[in-house]
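Both complexes shown next keep chain A, but they swap its partner, so chain B is in the first and chain C is in the second.
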Partner chain A sequence: MDNVLINSGMKKPFGKALLYTLPMFLITFMFMSGGRPDFSNPASALAMLITFLFVNVLYFLMHYTGKTDRYRAVIFIIFALSLSFTLISNMVAMRNSMSFSQADILECKIPFCHLVIPMMILPAAFTQSIIFPGSIIGGFANIASMVVLWLIATLVLGRGFCSWGCFYGGWDDGFSRIRKKATVKKISDIWKWMPFAVLIMVSLTAALTLVPTYCDWICPFKAVTEFEQVTSVESATKAGVFISLFAGLVVVLPVMTRKRTQCSFLCPLGAVNTLSNKVTPFTVKIDKKTCTECFKCVEACPLFALSKENIIEGKVSVFCSKCGKCVDTCSKKAIHYGIKGVPAGTMMNFSRNLFLFVSFLFIAVFSSGSIINSLKSLLNLFF
Partner chain B sequence: MKKLKIIAGITWAILCLILILILFPGLNSFSSSAATLPFMKINPNYSGGVVVKEMITAGCTLDIRKPVFDGLLKERKTGFMQIDWRGTLPEKLSDTIDYNLDGIPDFWITVDRKGSKTGLNPFNSRVKNVKISTQTSYGWAVRVDLEK
Partner chain C sequence: MTEAFILGLSSGSACLVTCGMVMFPYLMSGSAGVKRIATDLALFLLTRLVIYFLLATLAWYSGQAIFSNPVVRNIVPGILYIVFAVMLVWYSISKNKNPDCPAKIVQTVNNRKLVPIFLGIVNSLGFCPALLIILTKGATQVTVVQSYIAFLAFFIGSSFWFLPLPLAGRIRKKEVLRTIGVLATGLSGIIFMIKGITNLIGGLING
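So, the complex of A and B:
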């Protein structure tokens, strides 16, 4: 039976792929429409319909073609773009600017994002409070909802959150796909430990200063979301750091290396998610019986999660974000989605189907709000 | 043992499927529960501290907040106190503030809202300077730096 699976890859016949898509079709319909689609606003209804069809077509194609990363990347990149668009358009509508003012900080109106989480742990333990000027509950991107979403997603997906849930990862994922071949090929994979250094540094500095230092000084995504109004040398320096890091780690280096350099070398939450990879049941497995050690998967991995040693050993590292790029690359299907405890090379279809359902459902529902919102804004512009 | 591992792995994976299925419909309820956790409150360094005195004048309310010196393990030597004017505000605000509620005025503050100019006249050596003075959605807020 395993031989049949290997020879046919993960492709499914049209009807079977459609059948596998049906549960996703029904569940995403329920989650996106709340069971009662609202047709009173044509732009909203059309935006919802397009988003609904878009996500389900992608899911169908994952089953029909047997390719994962190719279609995951589409929704992942669109999620990142649409979220930035939604956030910026909200900011411009509310404040006529992409920057937030001192009044927004004083009134705790700053949208919360999951990257703050590593920095709030120590202060929350010692001061019993959250060091972020956001809203605990209610309003856009409130702290309680984001913490719950991240906590459950990281428990279920581990570092898979970085490829199936993070609304920033799509930026460097997108830029890493622009060129067909990398111009910089040799990067020491020792750099993949850098996020742990950043995590320790920002956790300690945040605890000592009670300021989310990563958001305040480092986060490259401030360049495409929101940042402090430039009113002083300090705020101008911060804006300079955000833009430089975005240009360097999210645009230039991913284009040159075909790797997700921001996620690999900087993100402190990526380091936390790496640890949670130990908990999740889903993993990527290497079947040593079929692996020819061509190492194409090592070259393809965008997060330095695979090395030649890993392949020889038959084990992916904890840095794996389950993006599926290695799985798509392997012509022998020797590397595949798996479930912990289940031996490599067995139950490949079951493991992939279960993982795809869980991870795709998460990104489909999580991203739908911002995709619908962006589409609605675009439709309102044209009609 | 091998079979047990397989069963445990698949059971955990199916539990994760259930978790994701209930996550979005239950998000509001999970978030509300999370919001009640003891650490789920904004640090006073951001929220400005609790209101300890409310002074009401015609159409305008002045909130005096508790001074904030909060640090990680112990109080810091320097901090701030926040005052908020809410309601229909006159163009020029002028108030005498007793932030430590000892009955003795600590500073006199003036705000020219049109020109965004804020003046501080300290009567207490612990009152240092104006840290923030800004228009807010509810009126005007000022943070004054303090020494302990």
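So, the complex of A and C:
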């Protein structure tokens, strides 16, 4: 049966694709409406309806066309944009500015983000304190819910979190798709170890100073969320650093290389997620029997997770984020979603269906809140 | 304390990059087990700690006379940070990874038991801008205890990279550890370049 599937790809007939979408349809409906859709506010109801149809159409298309990355990227990029929009509009509503003051830090009013997690581990273990100035439970983007969500996602998806859950990844993913051909093609893959160097540096310095040093000094996404008020030479330097990193790693390099350079060369959480790839049940496999070693997948991989050596060995590296770009690129279907312990080239359709259901459900539920909020704000603006 | 720790962390990674290949064979000589390597490593680190405390005392006493001007207090470390940053970046991009390792002198020591102590001495006294910066830091502290704390933080930071050493023989991908060390050194170089420039600008504005 799997031989038939290899030849026909992962496409499904219309009715079958619709049937596969039905569980997603019901679960996302329950999550978005809470079981009781509220039609009292037309803008809210319309925003919810649009988001609900949007995510389910994407999921349906994944099954109907057999393509994964093409539709994943749409929701992933929109998630990043909508979250920044929601965060910035929240900040502006609360403080009239994207910047925060020392008073906001002292009052623990900073929204939490998952990139802080690697820096929290050592201080939490040794001092039983949370080093981020945010709300632990309750309020907007609280620490407890974010940590639990990330933990579940990283254990189930591994580095898949970076392509199916991270609300920043969509920025460099989006910019990496702007040009059709890369202008910079040769980048040494030694740089893919940089997130580990960053992870070591920021985890240790955060443990010693009890300050999340990555957020304080490095994080490029402050450019699209919030940042410290510029009041001194030091805070001006910090602003210069994050603006340069955003411009360089999130905008310019992804456009030039067609790779997600921030995720590949800087993100310390990406390093942790890479390690968790060792425990997740899902993986991407290479079927040596059908692989023709054309290396198109190596070129397509946005995270330097595939090299020619990997293809010859028939093994995807631990850096894989399961975005599906290589799977979509391979015309022979030699590279496919798989489950650990199951030989390559077998149970391809089952593995893909299972992975897609889990990962898409995560991004659909995780992103729906910010997409609905953004849509609601836009609808309120126009009507 | 934070600066001293980060300084030590960067100095340690630079040390791993430059001296790793000279020191490792001595600290992990022959078929020594984890226990033997751990004992040698403890002796090596203890020697470094003693040397650093001596330097902390010396730096603080001499600093009382030299660093009374607040502008000099900012500008001198600023320049040293930039020199150190350039050195770190050069170490990380240079293809010859162990050109100036002071620990090479240990090749002249015949007594195996003394090797960790000798390594500890040459490693902590080896000329390096990071040592100059921490000496300046120690010299500009108000009390001698603060100077000790700065040197202790420097010691902890610089020792971090040596801690996996007893297990190094069992690590399958040693090259990966070294690659991460090289990258961390380059990263530290960039951090100190920024720190140095911030110090210089701050010093000039305050001056």
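By our rule, the second predicted complex is superposed on the first by the 383 of 383 C-alpha atoms of A that agree within 3 Å, B and C clash if a C-alpha of one lies under 4 Å from a C-alpha of the other, contacts with A are read in each partner's own complex, and residues count from 1 in each chain.
Note that contacts are C-beta pairs under 8 Å (C-beta built on N, C-alpha and C of every residue); 3 or more make two chains touch, one makes a residue touch a chain.
Note that the structure is predicted; figures quoted are calculated from it, not measured.
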Combined model on chain A: chain C and chain B, fit or clash: fit
First (chain B), second (chain C), both or neither touched by A:V233: second
First, second, both or neither for A:T205, with chain B first and chain C second: second
First (chain B), second (chain C), both or neither touched by A:V241: second
Three-chain overlay, vertex chain A: chain B-chain C angle, C-alpha, nearest 10 degrees: 60
First (chain B), second (chain C), both or neither touched by A:F196: second
First, second, both or neither for A:T280, with chain B first and chain C second: first
Touched partner set for A:S145, first chain B, second chain C, both or neither: first
First (chain B), second (chain C), both or neither touched by A:I131: first
Of chain B and chain C, the chain that contacts the larger number of chain A residues: B
Minimum C-alpha spacing, chains overlaid - chain B and chain C, in Å: 8
Contact residues of chain A, present in both the chain B and the chain C interface: 208
Chain C - residues contacting chain A, complex: 1-2, 5-6, 9, 153, 157, 160, 176, 179-181, 183-184, 186-188, 191, 194, 197-198, 201-202, 205
Residue ranges of chain B in contact with chain A within the complex: 2, 5-10, 12-14, 16-17, 19-21, 23-25, 27, 30-32, 34-35, 38-48, 70-73, 82, 132, 134-138, 141, 143
Sites on chain A touched by chain C in the complex: 190-191, 193-194, 196-198, 200-201, 204-205, 208-209, 217, 233-234, 237, 241
Partner chain B, residues of chain A touching it in the complex: 27, 31, 101-103, 105-108, 122-134, 136-137, 142-145, 147-149, 152-153, 155-156, 207-208, 210-211, 280-282, 339-343, 351, 354-355, 357-358, 361-362, 365
